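So that you can tell them apart, the chains are marked A, B, C and D in the order they are listed, and the count of residues begins at 1 in each.
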Amino acid sequence: MEERNNKPIVKLISKPKDMLRTVYTACRTCYSADTPINIYENSTDEEKMLKLIKNVVASGHHSTIEHIQVSFAISNVSRACTHQLVRHRLMSFSQKSQRYVQEKGQFDFIIPPTIDKNPELKEKFISFMGEISSKYQEFVDAGIPAEDARFVLPNATSSSLVASLNLRELIHLAQLRLCTRAQYEIRMMVKAMCDEITKEEPWLKEYLVPKCEFNGFCDEHKSCGRKITKSELFEKAGI
Amino acid sequence: MEERNNKPIVKLISKPKDMLRTVYTACRTCYSADTPINIYENSTDEEKMLKLIKNVVASGHHSTIEHIQVSFAISNVSRACTHQLVRHRLMSFSQKSQRYVQEKGQFDFIIPPTIDKNPELKEKFISFMGEISSKYQEFVDAGIPAEDARFVLPNATSSSLVASLNLRELIHLAQLRLCTRAQYEIRMMVKAMCDEITKEEPWLKEYLVPKCEFNGFCDEHKSCGRKITKSELFEKAGI
Amino acid sequence: MEERNNKPIVKLISKPKDMLRTVYTACRTCYSADTPINIYENSTDEEKMLKLIKNVVASGHHSTIEHIQVSFAISNVSRACTHQLVRHRLMSFSQKSQRYVQEKGQFDFIIPPTIDKNPELKEKFISFMGEISSKYQEFVDAGIPAEDARFVLPNATSSSLVASLNLRELIHLAQLRLCTRAQYEIRMMVKAMCDEITKEEPWLKEYLVPKCEFNGFCDEHKSCGRKITKSELFEKAGI
Amino acid sequence: MEERNNKPIVKLISKPKDMLRTVYTACRTCYSADTPINIYENSTDEEKMLKLIKNVVASGHHSTIEHIQVSFAISNVSRACTHQLVRHRLMSFSQKSQRYVQEKGQFDFIIPPTIDKNPELKEKFISFMGEISSKYQEFVDAGIPAEDARFVLPNATSSSLVASLNLRELIHLAQLRLCTRAQYEIRMMVKAMCDEITKEEPWLKEYLVPKCEFNGFCDEHKSCGRKITKSELFEKAGI
């Protein structure tokens, strides 16, 4: 049986040119007597722009970073993962429809790593995906429409989507979903999104981190130990 | 084998008291020199209130009907259906987690009506749900965590959620999802939501209809014939 | 000259009955094999409900508290204040229109406290409001429509609105706008909103506080000193 | 007295490259067995892409056009106008602050055309803006902070902002605010936004029109007569 790639495939397909200058112009406009057009046209000092943005983000004035939006083409992720992702209501999604797109032959699927690393369980999993595929075909062949036959398709079924979000939501997504407590697959997917964008916009690296890195402490109920917990922090400070 | 109920179970668990008066106060506040508190306290003429709301909704000034929000407890719906529902990004959802809630014994599932009405296919479907359940248990028994074992669970798996939305979004939801083109299950579920609320607030009946009823014509690509299509309308009018 | 009341007038006009039980049902639904209807109907232990909600809010799982929405009738606030308030994009607003509602006689206005406490400046301010009122009337009398005559009306002009928001946004609003750095008028208005709701739902008191109270530290650039700053906290903890 | 320019100044400062291809990829992903990356990389036939997008927009599947966002630098618009604009809650705004930016000398202002075209009223208006400016300075000189002195500044005061929105919201904005019933200033501003974007993306022209052009009829209470009203349409069709 062919080796499967269980990793999300993520590609940045759209971003505005001059992201830094757009965000800088937005930040400056709030506090300047100058017009945003002048600010935009006269902004060239990258270091100065980065410094202002850092201050503005640190101060929590996050509406200023909504002005840039990026789009990702994503495939090879399970429907379990996309059901989590689409709960981010400030994002825009266009996802492959199981109502309108009928599966032909064996549908693509994702194997969770806890199963993937155990040869016996893995074989059982793959073979069961084959059984589900046959059952799906049986229903389709009996005249059941794709939108109903899909009731047998599992959470493991692979899906594709285009997902767009602004920088504020991307940072929020990274802070939540890069956390060790997030499920492994969405963590891999969001990591891949962050890698794609920081390849082209390296200045974003410091913002696209788990929330504990951003805050300096962990506020999860069960911490993974990467950072001091909030209660430990206050204890250490004697407060 | 026990007979299954394939219908969504929907119950209105929360609504503001005095919905009509709240919406009326919002509508009047925009066009009145009087304060909203006075308007609220002096509004008792139900007929007058209904008439103003009707005009305001007809004119498209829909932000005024956002002031009331209702909540539904929903169960016995498939994950296929909830994956559609949660795409309504202006709603609030709290859904039973397949990561944290492990299925014990046979999981509950929904049978699509095209399968349900065919005894042979129905038996095949139910029996396959049994196989999936066994496979899920096998993985759980082998030490796989619920969040990974669930990769074999199908779209048919039953789910539960609390869903809240304001009146503007409820009307939008009804207009889209009561349309014959919507999938049967979400149509039944949204119909049940509308029935729940109109039992207590009958004045909402005229708003909670498919979009063709509201617009007077159908703008779908493939019409079910319930109403004249938009192009037929213009043709008939000689435009 | 008649003494003016410079305080926002705020009245809670709508809230769901059984707020606590609705939020509790939403929280439990995520982690329970039981249906939300059963959870709702069997929940009576107030202490137990409060404890779960506290844990859920502390853990950052804030979508669960979106299920309750409240509405306020607000008057006697300046247009400066409402221009700030309407920037909260997750709220719903119906505001008195200066296009459609013509001011008759002296328009109502708000005097900022820095001016109000200085008798000389206060007199100058009130007298200038009279001049603006005359100028507005001159333009109206010359046939200029209200929507254009209002170009002379000042930020001080009093406005009225109905504002609705869910509990998640209300907590967010309180955390930002009860902060000493917020402008005095919006701080008073939000304080009055919180007082209105906690009168009826006292369990909300611990959530409707400035962010420093909630977080345990201040993350503002310029702190008012009420709480230890974030950098001081880390310094004290030796990190 | 120097001649004033009363027109909004609008410049498109940010858009994604390859807008058409991004939207097309999103539309295709929903109905295709192919991955979005392949779709994106193999899409070059502009005519085919335009045709699909037209069908998708006509059918009301508008989430697909959220994937592109554009940003405008806007200045020379009144605070009356921006108070209307910021009510579009799906947009992102960064606006010049009257709390933090103190006006020096005569503040910039906008003259409504009904006043502008009447020399006598115009002179009265300009001269009164001078009086307001003096009064503002008096308060500032007396030690009143800018955030309180601004209580005398009028709706006519000129403002600047960066505004970003996705294509779905831009079409919605155009449909509402290009309508003859919208106030002249926001109509000019939105027209200028549409002109800026269609200069570079001419395929958007057919979407950025008043709602009556898009729908084929007028649904306003008081029609300007540009298009047949909805009730006339049904009457003519004999329905």
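The rule is simple: a contact is a pair of C-beta atoms (placed from the backbone, for glycine too) under 8 Å apart; a residue touches a chain by one contact, two chains touch by 3 or more.
The shown structure was predicted, so the numbers you read here are calculated from the model rather than taken from an experiment.
Q: Using direct touches as single steps, what is the fewest number of steps from chain B over to chain D?
A: Shortest path length, in steps: 1.
Q: Going by the touch criterion at the top, tell me which pair is linked by more C-beta contacts: A-D or A-C.
A: A-D
Q: Measuring centre to centre with CA averages, how many angstrom lie between chain C and chain D?
A: Centre separation, chain C to chain D: 27 Å.
Q: Measure off the straight-line distance from the CA centroid of chain A to the CA centroid of chain C, and report it in whole Å.
A: 33
Q: What residues in chain C touch two or more of the other chains?
A: 63, 87, 93
Q: State the interface residues of chain A toward chain B in the complex, per the touch definition above.
A: 78-80, 83, 86-87, 89-90, 93, 98-99, 109-115, 118, 121, 124-125, 128, 131-132, 135, 138-139, 142, 144-145, 147-148, 150-156, 183
Q: Which part of chain A faces chain D closely enough to touch in the complex?
A: That would be residues 9, 11, 13-19, 21-22, 25-27, 29-33, 35-37, 39-40, 63-64, 66-69, 71, 73-76, 92-97, 100-101, 104, 160-162, 164, 166 of chain A.
Q: Where on chain A does chain C make contact in their complex?
A: For chain A paired with chain C, touching residues are 55, 58-60, 63, 87, 216, 219-221, 228, 230, 233-234, 236-239.
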